[in-house]
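Pasting in a structure now, in structure tokens, and then I'll have a few things to ask.
Letters are used for the chains, namely A, B, C and D, taken in the order the chains are written, and counting of residues starts over at 1 for each.
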Amino acid sequence: MIAIIRQVLISGRIFQLIFMVVTIITIFWYIEAIKRGKVVTLRSIPALDAIDEATGRCAEMGRPVHFTPGYTQGGLYNADMGPQVMAGLVILQKVASSAAKRGVSIIVSLNQPEAVPIAEETVRVAYANEGAVSPPKAVRFISTEQYAYVAGVLSMYLEERPAANVLMGFFWSESLQFAEGSNYIGAMTIGGTASASQMAFFAASCDYFLFGEELFAARAYIEKAPDLLGSIVGQDILRILILAITVLTWLAGNFKYTQLVSFLKM
Amino acid sequence: MTNKNISVIKRILEIDKRLIWIIILILLSVPLVHPWGLPIKVDQYVKDYYNAIENLPPGSLVVCRIDIEAGNLGEQNDQAVTTLQHLIDKNIPFIEVCFDRADSAITFEKVFSQVNKKGKIYGVDWVNVGYMEGKESALAAFAKDFTYPGKDQYGNVLNDLPLLKKYKSMNDVKLIIGSGDSTIRQWAVPYNVKMNSFVLGIFFGDAVNYYNAGITVGILSGLPGAAQYQFLRGTPGLAVAAMDALSASQIFLIGLLIITNAAYIYDQNNRRRKQ
Amino acid sequence: MISTDIGIWIGALLTLFVYSYFVRSKQNIFFRFAQNTIVGCALGYTISIVMIKNIDYLGISKIIGGQVLYIIPILLGLLVYARFVPGYTYLTRTPIAFIVTVGIVLGARGAMDAQLFTVMLSSVNWLVFGTNVVTSLNNLILIIGLISGITYFFFTMKGKGIPGYNQFWLMGRYFLMVYFGTRYGMTILSRLSLLIGRLQYLLFNWLGLR
Amino acid sequence: MSNILRRELPMTLAAAIVLILFTDYYFKNDILRTTANTLVNWAVVASATAAGVGVLNVLIRTTRNIQKRESYWYLDIWMLIMMVVVAVGGVIGAYGTSILYTWVMQNIYLAIDATIFSMVVFDITAAFYRTFRVRSIDAAILVISAFFVMIYNVPLMGGLFPDSIAIGSWVVNIASVGPTRALTAVTAIGLIGFAIRILLMKDKSIFGGVD
């Protein structure tokens, strides 16, 4: 039996496959459970609650709100950056509808050509839901190249002076350039990323920030759809599993029980 | 508590940021023009990086993935120039290829123009494959067959170059110089080749993990790495001069941190007492 | 000696134009000029290298070489232009879903091994018993930092009355703050090096102060 | 029909991709391997083809600016000139090797690009001065760890006073390692959850998420 498994599966990934199957089942199970009426309450994510405050501020000052999902090297197919940008674009829905409700105009700066239709559609629908037309030049593709994109956004800051900047997605060095640039023009800044090297800068420089998995959980937090809530609950169960495995490997290492690690590495 | 004290505290807490920038600019540029020659400590991983190249037998092939984004040239220029000069001086042929961004090929030209070629011939002593699209799958394909991209950076057919007639794939390589998880995943580990990490300062933490795990043999990271490397080679250049500038400005920032926080705590206590 | 190379003069002036951003936080013609120049160059780069070269090398040359199926991604890519045809915007969804999903899955499957399992298994070396006091204390801090850090990201566990949960959650937050401080402190030096690169260009290459 | 194109087709296609790429990851099979590699290449080609949408977006916007004579409209004309120069220069000869292209890229593009990156220095010091104050326990922990790490990082310190870097070294190598790995792990969970939602066809955010 084990010999057959070893022949079919790539070595080192056997336990990972088991883990993946467990993950899929868990998430599926909890999505169904929520649909059947299980109630969950998510802990608060202040950065997402602050979006309404941000657009409110824009309405008071009569200035636009600015949103950007950050940078991807190559395109949206980039494995490290693309998913975070997509998670960021989900938050655009919240920003756009909140802006539309208060009659604030929105500016979306983009680095990915493929994201242009997504953003345009999102903005159009959000304004249409409020019976308004989306502001002209709302969605702006700037450049695929990192610093041309940075220059474009900073230049826009100086010209249109948005009263709030929502930076959610993947960032490299531009995280700090956007966040501090926002501070120079006296705007409110909400930042969010799961980019390991940049969370620290958002933590230091933004008025509100979220980081790590909170970015991926944002959609569940905003929409509260059963599919998404179920997935979050499932992921919490996985976290317990991961904690358990971590502690077990740690104990196994301490008590020189090597079989466990070789099983996990199978 | 005098009013004078309070106004000093206020002033410390509300310095115009432009004043800080000007001080930083001065602290960076003065030592650059007139280096003070403060001592440099050479870290073990830089020594290992140096030794890995120094101990290569002549004629063994090195593959460089010197993938410098244009914006990072300021930090990585000296790293690359010193490394390439070392290879040329030791008569070691090398292949350069990059995968991150197409403008890496241009930055490589800019870097290589600063190297004394010592009469080395293109195609025999070095080959610049240029930029390959496709990220990790391209890395894997290139390792299997060096002529996979077809043409080099200048439009020559790779099959016609003498160096690539002699060396065919990653199996013929003695040392990899490069960065990134993908290099380790696709080149160093599967082909069991020694690898030197060539990284930006901010990726030092990741590089150290691989170094400690014994996957890479040495690390060259950022300007401090370049300075130590130049020091080891006995050719102190701009990076060594830059160390004084970096030390001075960093110490200024640390001082600023202490003073502002002392002032802040003092100010807070004051307010609390008044209430 | 000040440089006589026109290229260096242009580069140096553009460098100063960009820094004019920091003089006042208002738009000025110099920064705007530099911005339009780089955006223009980058767009030209996008057209020639990102688009034409890639379509040629990775698409058309493969179709000519016999791999006819490579027409599919080109057609998929062309579908994105349906965005300019009123009423047919929804056609863009299929190609976008394709491109995006490839990225997400490549990330996710790599993350399972390189991120999740590496992290879980790394704790095996953090020995607390059988080493000296300092090492075992350090290793204890390592494992607590890891576990409490993960605890911070529980989304639905708050208020369930798990004993010690809130304290552990707070500890996770503090550990994350240590991480942020460390990252910030580590990065400042390498960022300062960037400015040194530009200063070398201005002082030495342009003004020739050496 | 349009409903299928609107929702079912993209979601099914996405789920199929997840399935193929996941199975390829676990199973030894050459056909799967080739299919997976081809899919990745296709994504590159499709994305390259689609890049024109971005270029058109810019062109429409700038033409409107120029027509309406909005502020700095003449610089927009300059932008279009640079675009044409680089695009033409990049295509002639072998891609990206003509003298025109390399000259513009080396002297103009590289200079601005590197300078914009170096602007981070000003931002990082301004943010450092403005925010690194012990306002709360969180901030205090952040400031104190940054302080020791900065001392650890001064090139001079390791040479002159080897003892001064001990605490910084401890923060870098011990205290910050746990949270670093925790962040890596939870980000991975978020990402895997995302992929699984696509596989189960429960996530429409892959094409924008609006109906």
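The working rule: a residue touches a chain if its C-beta (ideal position, glycine included) is under 8 Å from a C-beta of that chain, and two chains touch if they have at least 3 such contacts.
Just so it is clear, the structure is predicted and the values come from calculations on it, not from any experiment.
Among the chains, the centre nearest to the mean of all shown protein C-alpha atoms is found for C. Inter-chain contacts peak for the pair C-D.
For this pair, subunit A with subunit D, the centres built from the Cα atoms lie 13 Å apart. Mean C-alpha positions place subunit C and subunit D at a centre distance of 4 Å. If you average the CA atoms of subunit A and of subunit B, the two centres end up 30 Å from each other. Multi-chain contact residues of subunit D (touching two or more other chains) are listed as 22, 25, 40-41, 43-44, 47-48, 50-55, 58, 71, 96, 105-106, 109-110, 112-114, 116-122, 124-126, 128, 130, 132, 142-143, 146-147, 150, 153-154, 172, 180, 183-187, 189, 191-192, 194, 206-208.
Multi-chain contact residues of subunit B, defined as those touching 2 or more other chains: 21, 24, 70-74, 102-103, 133-134, 202, 205, 224, 246, 250, 253. The residues of subunit C that reach two or more other chains are 18, 21-22, 27, 32, 34, 38-39, 41-43, 45-46, 49-50, 53-54, 58, 80, 83, 92, 95-96, 99-100, 102-104, 106-108, 112, 116, 119-120, 143, 146-147, 150, 153, 176-177, 179-184, 186-189, 191-192, 194-195, 197-198, 201, listed in rising order.
Taken together, the subunit A residues at the contact with subunit B in this complex read 73-74, 78, 146-147, 173, 197.
The touching residues of subunit C, when paired with subunit A in their complex, are 18, 21, 25-27, 31-32, 34-35, 38-39, 41-43, 45-46, 50, 80, 83, 89, 92, 95-96, 99-100, 102-104, 106-108, 110, 112-113, 116-117, 119-121, 123-129, 143, 146-147, 150-151, 153-159, 176-177, 179-184, 187, 191. Per the touch definition, subunit A reaches subunit C in the complex via residues 12-13, 16, 19-20, 40-43, 75-83, 86, 113-114, 116-118, 120-121, 142-145, 147-149, 151-152, 154-155, 158-159, 173, 184-185, 197, 199-201, 203-204, 211-214, 217, 220, 232-233, 235-236, 239, 242-243, 245-247, 249-250, 252-255, 261, 264-265.
Against subunit C, in their complex, subunit D makes its touches with residues 2, 5-7, 9-11, 13-14, 17-18, 21-22, 25, 38-56, 58, 71-72, 75-76, 78-91, 95-96, 101, 103-122, 124-125, 128, 137-139, 141-150, 152-154, 168, 170-172, 174-189, 191-192, 194-195, 198, 206-208. Of all residues in subunit B, only 18, 21, 24-25, 28-29, 32-33, 71-75, 77, 102-103, 133-134, 181, 185, 200-202, 204-205, 222-224, 238, 242, 245-246, 249-250, 253 touch subunit C in the complex they form.
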